[in-house]
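Two complexes are shown next, each including subunit A; its partner changes from subunit B in the first to subunit C in the second.
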Partner chain A sequence: MAADPPSAPVMPPAPSEADIAGFLVERFLPGLDATDLDPEYDLLATAVIDSLAVLHIAAWLTDEHGVDLPDEELVGRNFRTVRAIRATAGRAVAGTGRS
Partner chain B sequence: MGTSPELGIVATGMAFGERLDVAATAADYVPDPEAVTALGYRTYHRAAPGVTAVDLAAGAAREALENADVTAADLDLIVVGNSDVPDYLGWDPSAAVARALGAHSTPTTLFTQACAAWAPALDHAAGAMALSPGVETALVVLVNVMSEAHGNRMDFNGCVASDGAVAAVVRRGHPRLRRLSSAQFTNPEYADLFRIEYGGAAVPLPPPGSGLKDVSPMASVYRHFDRDPERFQAFLKETTGRIADVVDEALARAGRDRSELTRLIHINDNQQTFRAVADAVGMPLTRTNAELARSLGHMGCADQLVCLWRHIEAGELALGDLVALTGVASPGMHWFCTLVEV
Partner chain C sequence: MTAPAPLAAAFTARAAERPSAPALVWEDRTTTYGELHAMACRARAQVEAAAPQTGRPVGLRLRKSPEAVALVLGCLMAGRGFLLPSHELPDLPLKELYGQAGCAVVLGLAGDPLVDVVVDPSAAAPGDGSGDPRPPAEVADGDTGFLLTTSGSTGLPKIVPLSQGAVARFTAWAADTFPLGPGATVLNYAPLNFDLCLLDVWSTLAHGGTVVLADPERGTSARYLHGLVTGHRVTLIQGVPLLFELLSRAAAEAGPLTTARHLVFAGEAMPARVLAGLPPVFPSARWFNNYGCTETNNSFLHEVDRGGPVTAPLPIGRPLPGVRWLVTGDDGRALAGPGQGELLVSTPFQTTGYVNVPGGPKFAPHRDGVPGVVYYRSGDIVRWHEDGSLSVLGRTDHMVKVRGTQVSTQHVESVLLEHPAVAEAAVVALPDPVAGHRLHATVRPVAPGSVGVLALRQYCAERSVRAAVPSVFEMVSEPLPRTSTGKVDRNRIRAGLSTA
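Let's look at the complex of A and B:
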């Protein structure tokens, strides 16, 4: 019997902006409705995100979405906004780094 | 010759690089200047090209000698703390400072405990006076000149690194600005944190295609804690909690307590860290050097003495006030506190 051809590895999809907003609100902005979090809201300048929060988000991406960020992506600017976090996760999924 | 091992600061001198605006220059260093301005710094100092740490240290030292009305020949000891990468490997900046001052036969000692070298430098002077009755007058010089070849002054431990030097002439038995005690805690688990990966004996050169600054300091820190937020959070808590520990230990050694503290002078850290440190020690933020830090930038081991003197010049300290000068040094990591009575 012929072996099945090897299938291409299935990459997890990057979480959506709504997913990310939901996590951020639950973890760092209690009381806010996730739909009210502007995807371009500056989380760094407003001190929502700090060096510890970067690790919490990275751990959430790994644990809940199977997205492992390379070391060089773990810099604050990649977590500045919901949209930036989405792009950072997208690069990891695509295997294209940029910090 | 005296017998009291207690020393006091007779006079100081300072030398700084050019004063620059953080907001106007941050984009020269990082792609996200907003993240730098959010740290709370307004200005910092940068040495002109060709101006070395020894140049600034010698400039501060000359001013201190003049203000104390002594000459290099009057010095029994020169102690230098140098926070950043020295001009050369296998080289002693303390001897170079002595040569620049014309102190041709004065013993010198170098301390390299990064941002907290101030405390062991002063301790060494006090120790020399305790051990050797002939040591009456010493010069303690603290300097930081950021090597921009090895690091990014605006992507550096949450601080904006600044170039400056301060020197103090200290004398046995001097009744003002007396060093009362000190305390230190070292956690060797963190010995590798924030090290410069390339250029030392282990890895003399970066890999082909890489530069000296291609290793992100924070990525290395995250890796050390296996990216575990809980472990990293415990580390953050430790960095401020240990400050309170060494403050209490220094106070206990001097037979004093926190209620007697007039002011806390910490390294010129970012404003968020200042709030955490002030909370840990139970000191109002207004009785720290948080505002001075905004305009000075983080001058490594020079911070504490520069700020002490600025507070005195501003009339914010009076005779008999008790001041805790604290620091966290990385690499190390070390936590230090020196207790000074004005």
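Let's look at the complex of A and C:
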């Protein structure tokens, strides 16, 4: 697994794309292999997730990874793809700076 | 214009003109018009003996055969109304239907707990070796002949009476539109109790053509059906999409069906995938998309441009002569021009209403319609195109709200069926406390693994609003359950899901 960029400060790491894909497949796409889910696959347009699912993903980030998303981040475009979710989590980790 | 002859009179005239012409083909046995007429006359005498009162209909319990056709003709010649329900109904609802129709007696061709009198159209009446030469009983335009049943799969079917006049007008239209006279050979795929038989069996017999009766027991055997078409040089084929799919499959091995001149698509929307495969299978045929239902019979007809790009759903085209129609919007008022809404139709062939349930607002004049004309609310949502033609988008009862958006489960199915790797698809809406409904798609790919869930979601997302992308995709390898008429049985799929 690739390390976080060296410029990142010492923070609890955001979950990797593989972690996120694993959760999404387990929760919303039973029967699929997590490696089948392309990080750029549009989860919203294809109805894999909806606005209720966004809340489930946010809760998972908090419970399993200690990542708290500010309310203003809980919008669909931040959850559109695995990569977008990874970036949203990364911003929260960098922004809050909580230890 | 003189009124067209009633069905029994027209058939009798054809039998007198060309008694040795083939009327029916069944299991490689040909029945001539003369033989069928003689059988019908004998059946008529037995019907009259079993049901002396003319005012009440008789109940029929029949499976398809030349004798069954003769018994129906015998009822018509006797001027009796007759209830012709599906023989697949269990005894209890069937008994209830015979009672609701007021049947005086139930007639069949073989012993059966429900049958009061067994009719044998092959048996000569005692002391009368030559059959019965009497002309058909005089009937009035409004007298009931056929009593058909709707194919609704929930609850007891509705009984749909068709007048002698309605059927006579229908057979006249059918013969004006398709060659059904001497030289025409028409495949009858549907069971005898189906409204489709008004065209392929009864209109053909009124005009002198030959009907090739397909055995419903072998209705899913592609090789059998292909053999019927090639073996008997069938010129007109009417049926549900499944029939054309089966014929295409068999043709891939056994060769194209070159004798067919007319194809009539009926019963449900033709999937693009099936259409795309037809040109090499039927090199000489014109294609027609037919729109109608048991209550109104054929209402719209669209000739498909077989050389043009495949579009699904196919337009239903233009109204038949004498058909009046309206498209009503959400406010119940008729649209003045192109748009979307429920189709209301009035045809020269329609029923006056159900026998066993109140028709209520299903059959009524409309304040924006022609005064005095009774329109039937079809329950079909249509789009009225700029060019004046119509397309069916789905049933009003297949329209569901998903997160506030109107979605037709049928439309979602048709999108899935357009995917080249999808063999079958069924979409059912399940109640959902948050979304209102959620869509469950059951998909059988043409080969295991030929398409994945993610690719199908993407495919739907590129072609529909998000609410119309199913929330659950279930990939299966077994064929989907189908009804006796070859339609995907969504109720069985839904029942399986709600008990799972």
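Rule of thumb we're sticking to: the second predicted complex is superposed on the first by the 85 of 99 C-alpha atoms of A that agree within 3 Å, B and C clash if a C-alpha of one lies under 4 Å from a C-alpha of the other, contacts with A are read in each partner's own complex, and residues count from 1 in each chain.
The rule is short, and it goes like this: contacts are C-beta pairs under 8 Å (C-beta built on N, C-alpha and C of every residue); 3 or more make two chains touch, one makes a residue touch a chain.
These figures come from a predicted structure and were not determined experimentally.
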Note to self: With the two structures overlaid on subunit A, would subunit B and subunit C clash, or do they fit side by side?
What the structure shows: clash
Notebook entry, point to check: Between subunit B (first) and subunit C (second), which, if any, makes contact with A:29: first, second, both or neither?
Noted result: second
Next item on the list: Using the superposition on chain A described above, determine whether A:17 touches subunit B (first), subunit C (second), both, or neither.
Entry: neither
Next item on the list: Return first, second, both or neither, reflecting whether A:56 touches subunit B, subunit C, both chains, or no partner chain.
Entry: first
Check: Which of the two partners, first being subunit B and second being subunit C, lies in contact with A:37: first, second, both, or neither?
Finding: second
Next item on the list: For A:74, decide between first (touching subunit B), second (touching subunit C), both and neither.
Entry: first
Check: Who does A:45 touch here: subunit B (first), subunit C (second), both, or neither?
Finding: both
Check: Between subunit B and subunit C, which makes contact with more of the residues in subunit A?
Finding: B
Checklist line | Where subunit A meets both subunit C and subunit B, residue numbers | finding: 42, 44-45, 47, 50, 52
Notebook entry, point to check: For the complex, which residues does subunit C have touching subunit A?
Noted result: 403, 434-435, 452-454, 457-458, 460-461, 466-467, 469-471, 475
Note to self: Can you tell me which positions in subunit A touch subunit B when the two form their complex?
What the structure shows: 42, 44-45, 47, 50-52, 54-56, 58-59, 71-72, 74-77, 80, 99
Next item on the list: Note which residues of subunit A are touching subunit C in the complex, please.
Entry: 29, 31-32, 36-38, 41-42, 44-48, 50, 52
Next item on the list: Would you pull the subunit B residues touching subunit A in the complex into a rising list?
Entry: 30-32, 34-35, 38, 158, 216, 218-219, 222-223, 225, 227-229, 232-233, 236, 272
